[in-house]
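You will see chain A twice below: alongside chain B first, and alongside chain C after that.
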Partner chain A sequence: MFENTLDNYAHSNNLTNLNPYFKILLGISTMIVSLVSTSPVIPIVIALFMSILIIFKAKISWNFYLKFFFIPFGFGLLTFFFMAVFFGVGSPILELGLFNLTVTVDGFNLGFLVFTRMLGGFTCLAFIALTTPMTELFSVLELVKIPKILLELAMLMYRYIFVLLDEAINMYHTQETRLGYSSLKKSIKSMGMLGSNLFIRTWLKGEQTYIAMESRCYDGSIKTLKKNEDIKDIGTRNLAGLILFEIILVLGVYFTGNYGVLIL
Partner chain B sequence: MHIMEGFLPWQWCLFWYLIAIPVVVYGITRIKKITDKNPETKPLLAVSGAFMFVLSSLKLPSVTGSCSHPTGNGLGAVLFGPAVASVLATIVLIFQAILLAHGGITTLGANIFSMGIVGPVAAWLVYKGIKKIGWGSSIGIFFAALLGDWLTYVTTATQLSLAFPIPTFGEAFIKFMVIFAYTQVPLAIVEGLLTVVIFEYIMQLRPDILRKLRVIGSEKAQDSPEKVLEVV
Partner chain C sequence: MNVIETRDITYRYPDGTQALEKVNFKAPKGKMVALLGPNGAGKSTLFLHFNGILRPTSGEVLVEENLLGYKKNDLMKVRQKVGIVFQNPDDQLFAPTVIEDVAFGPMNMDLGTEEVEKRVKDALEKVGMTGFEKKPPHHLSGGQKKRVAIAGILAMQPEIMVLDEPTSGLDPKGASQILRILYQLNQEGMSIVISTHDVDLVPLYASQVYIISEGRIIKEGTPQEVFSDVKTIRGANLRLPRIAHLMEILGKEDDLPFEKPYPLTIGEARRKILDSFGY
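The block that comes next holds the complex of A and B.
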């Protein structure tokens, strides 16, 4: 339950050392194309392309990726059914024979479009999450002029998330071995104990961190050493490829227009 | 409730970003003022944010069969005030998107609005209101977490039905609310109870922290939350 952070994968895949600006530019711009698409064709292409990149280029184990992909896929499918049944005003094409529920053409098309957009967007997000370590993301965020204080808070938080997760996992396992989660009432009590203890530990950690920082000449700003990767290091070939790819996708969006799966 | 990546049409993504950003910027200026005056609050705020993230990754086996997790927003808002809590929630949401693939980047604005702004503000107002009537802190915390949660879901349902007003906004809203009501009403009650348990244990074990934050005790409990952190 705690182990599924993507951080391990972000630090050890075949694309880790690729220029972070390039990866993020690719992820975000493709995500936007998927979002503005008005037909399900291009989002499906994007989802396939990104999945291929993740499995074959970044060499993330497909076993893990499929498991990871299953959650949004299931949720998307649920949304699809929900929209197909409840969000139609046009002519019914299928009687469910239950509570007078019917599937309509426009509801079906809308549901399918949203479903594919979710898959397209999710694979782009997964691409960024699985290939780019957080530390590199911070340096990219610095470039787009995110306030410094926010970045410093985020960096400190990032560090402490893992410290606290370790403690939370330990506490959780100890409670579980003592049957702390055997019923709903016990679960609430155990989790409450866990939460409060964690908060107190957190507080102590915060105070100690301040002392440690102050003894190392902390003057209100945190200075870090950065890898000197530059946005210019993307390389013309990569950049040209990226632009060409996005142009093809945008053209695809333009030509597929409002094409739906069902036309009546 | 996170809205998934790609769920909202782009116009609405932009709209919620434009609404969320000024509030977060306001929160950032407050935090900047606090940390400039008392540099020791910076690590404390950071670990509290990390705490919110870890709390949200704890999964609670729930009555409806699905898994739910506490949001920690109610607690954060009561402890630190809504402005600070909204900034922390924003960072937590970014981390959830990138470390856990919960939520998303294009829907970040909408998620910040429902979970980082409406939830904490509601929780904080409810807590202050109940304190003013003179009921106990525990009751206040329970209703703060409960109503904070419910209002978050109402906001999410509003956002979804604004994005898909088919056939009309009202009808879509009712559909989304019915679906949420089945799962989220009991979940919010569980979270409310959980928050009370957490709060009471903290009160038992380290009441001095709460006193420092002026959540309990001292007459000046009505002080603005920013002052609270300055004292720490």
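The block that comes next holds the complex of A and C.
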């Protein structure tokens, strides 16, 4: 269960107890630098830095991280390919010999830039996702004034996604036990039954939960006990380090601004 | 005084199924009452009447000897007094962390933050879940979830706690932990109602037993009184406690000098055996 392991890592890695504001600030600001970078150099540096942070600082197993990383990497490659083929003007450097498709220097550079930006951005998000428990993200989101109703929905969804997963997996196993997936036709039928049954159960569970909440004087809004970690707890040293790090990255963007992989 | 009393309540589901019929149930203050019954007998339905989630088709519910009102304010008051712990803790634990879930009830009572924090801390301490505050419920075991669910109700400081099948689905250790917590709470003066079909546990803890079958209360009394009516017990798809059953067989089939009332707990049986063999 991918979601479950992700959640487990977020709750128990070496950086769990680091101030969540710091982690999110680091992740978001670095991601922004990665996205505005006009050369592929800085995003690559960021991707490497974040990966090192995730594997060696947070001590996430590299095996899991690579698997996690592989999905956006695949999408990135695909994007790279299409941009290289369909974008850019100028003299072609490669003719595909199919529908007159060609690769230009311009398109290749643009594709590669987008690809590296994606990796940079993704590693930043992965850093947040793997080191910060969802529950702490909620309190940060509240601070930046995300509407309460959205937060309540997100909280309930976060809680019940695991219950739903459990139900689905259990049902899947019981179907498999009775050979429900022994052929393609049966698989399609079983999957459909699983889906509709899950829907009904979700409905019933929702009703049960509502009754249980009503029994505890629920009046339509979830009032939560706030025990926010203070944003001031980041500490001067961490904050100074963060700012310095971002400045270096921005300077890097400035100086490498015109780099491309292929230069004509 | 009875914390909860129902008078002749009848409940029919919207589709016409009769779930309860003329149920008279009393939960005296400071006692532990057990509601015994097979699956589908109407235990959960009866419980949902105690705090006004369901409204009886006829008959009345009294909480602390006042007629239960169904206006919003009345219901809020009743739900502070009558705490229900549901059978499946996953239905009850909805918040992303333990601490937020336990704080949910007290926060709804509009208490100050300090008071809420104190209550949450006390409640978690009582159920032995201190240190789990920031865990999400899906990282807890079944027994731990159940204890958090109990803490969520305890934090509201109700007059009475109503628990629907508190030991179902738990391993023996988990189940006995829950019962020990309940016993402790009862010793401290909390009135408790539990529903169960675990007949071996009932005589150990309950001072009063009701047997419900097909929506009707068919027997009530002390565990001794109720379990001496073997015919009714078996008629309701229940059985005697194992130890009582053993004594019954020894008495009837092997002509050992054991007669009704059969001992219901290991302690009682031990005394009886020692007595009859002259130790």
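Observations, loosely collected:
Here is the rule we go by: the second predicted complex is superposed on the first by the 239 of 264 C-alpha atoms of A that agree within 3 Å, B and C clash if a C-alpha of one lies under 4 Å from a C-alpha of the other, contacts with A are read in each partner's own complex, and residues count from 1 in each chain.
Please note the rule applied: contacts are C-beta pairs under 8 Å (C-beta built on N, C-alpha and C of every residue); 3 or more make two chains touch, one makes a residue touch a chain.
As the structure is a prediction and not an experimental result, all values here were calculated from the model.
With the C-alpha superposition on chain A as described, chain C and chain B fit side by side in the combined arrangement. Within the superposed three-chain model, A:205 lies in touch with chain B and with chain C [touch as defined at top]. By the document's definition of touching, of the two partners only chain B reaches A:181; chain C does not.
In the superposition on chain A, A:28 makes contact with chain B only, not with chain C.
Applying the stated contact rule after C-alpha superposition, one finds that A:196 touches chain B and leaves chain C untouched.
Set against each other, chain B and chain C touch different numbers of residues in chain A, with B touching more.
In the superposition on chain A, A:156 makes contact with both chain B and chain C.
When the two structures are aligned on the shared chain, A:215 is found in touch with chain C, with no touch to chain B. Of the two partner chains, neither chain B nor chain C is touched by A:253. In the superposed pair of complexes, A:135 makes contact with chain C only, with no contact to chain B.
Contact with chain B, but none with chain C, is seen for A:87 once the two complexes are overlaid on the shared chain.
Closest CA pair between chain B and chain C after superposition: 9 Å apart.
On chain A, the surface patch touched by chain B in one complex and by chain C in the other comprises residues 4, 7, 134, 156, 158-160, 163, 205, 209, 213-214, 218-219.
For chain A in complex with chain C, the residues that touch the partner chain are 4, 7-8, 11, 133-135, 138, 155-156, 158-160, 162-163, 205, 208-209, 211-219, 222-227. In the complex of the two chains, the chain B residues touching chain A come out as 4-7, 9-10, 13, 25, 28, 31-32, 35-36, 39-40, 42-51, 53-55, 57-61, 63, 70, 87-88, 91-92, 94-95, 97-101, 104-106, 164, 166-167, 172, 175, 179, 190, 193-194, 196-202, 205-206, 209.
Partner chain B is touched in their complex by these residues of chain A: 1-2, 4-7, 28, 31-32, 34-36, 43, 68, 72, 75-76, 79, 82-83, 86-89, 107, 110, 114, 117-122, 124-126, 128-129, 134, 137, 147, 149-150, 152-154, 156-161, 163-165, 168, 172, 181, 184, 187-189, 191-200, 202-203, 205-207, 209-210, 213-214, 218-220.
Those residues of chain C that touch chain A in the shared complex are 48, 51, 53, 76, 79-80, 83-84, 86, 88, 90-97, 99-100, 103-105, 107-109, 113, 116-117, 120, 134-139, 152-153, 156.
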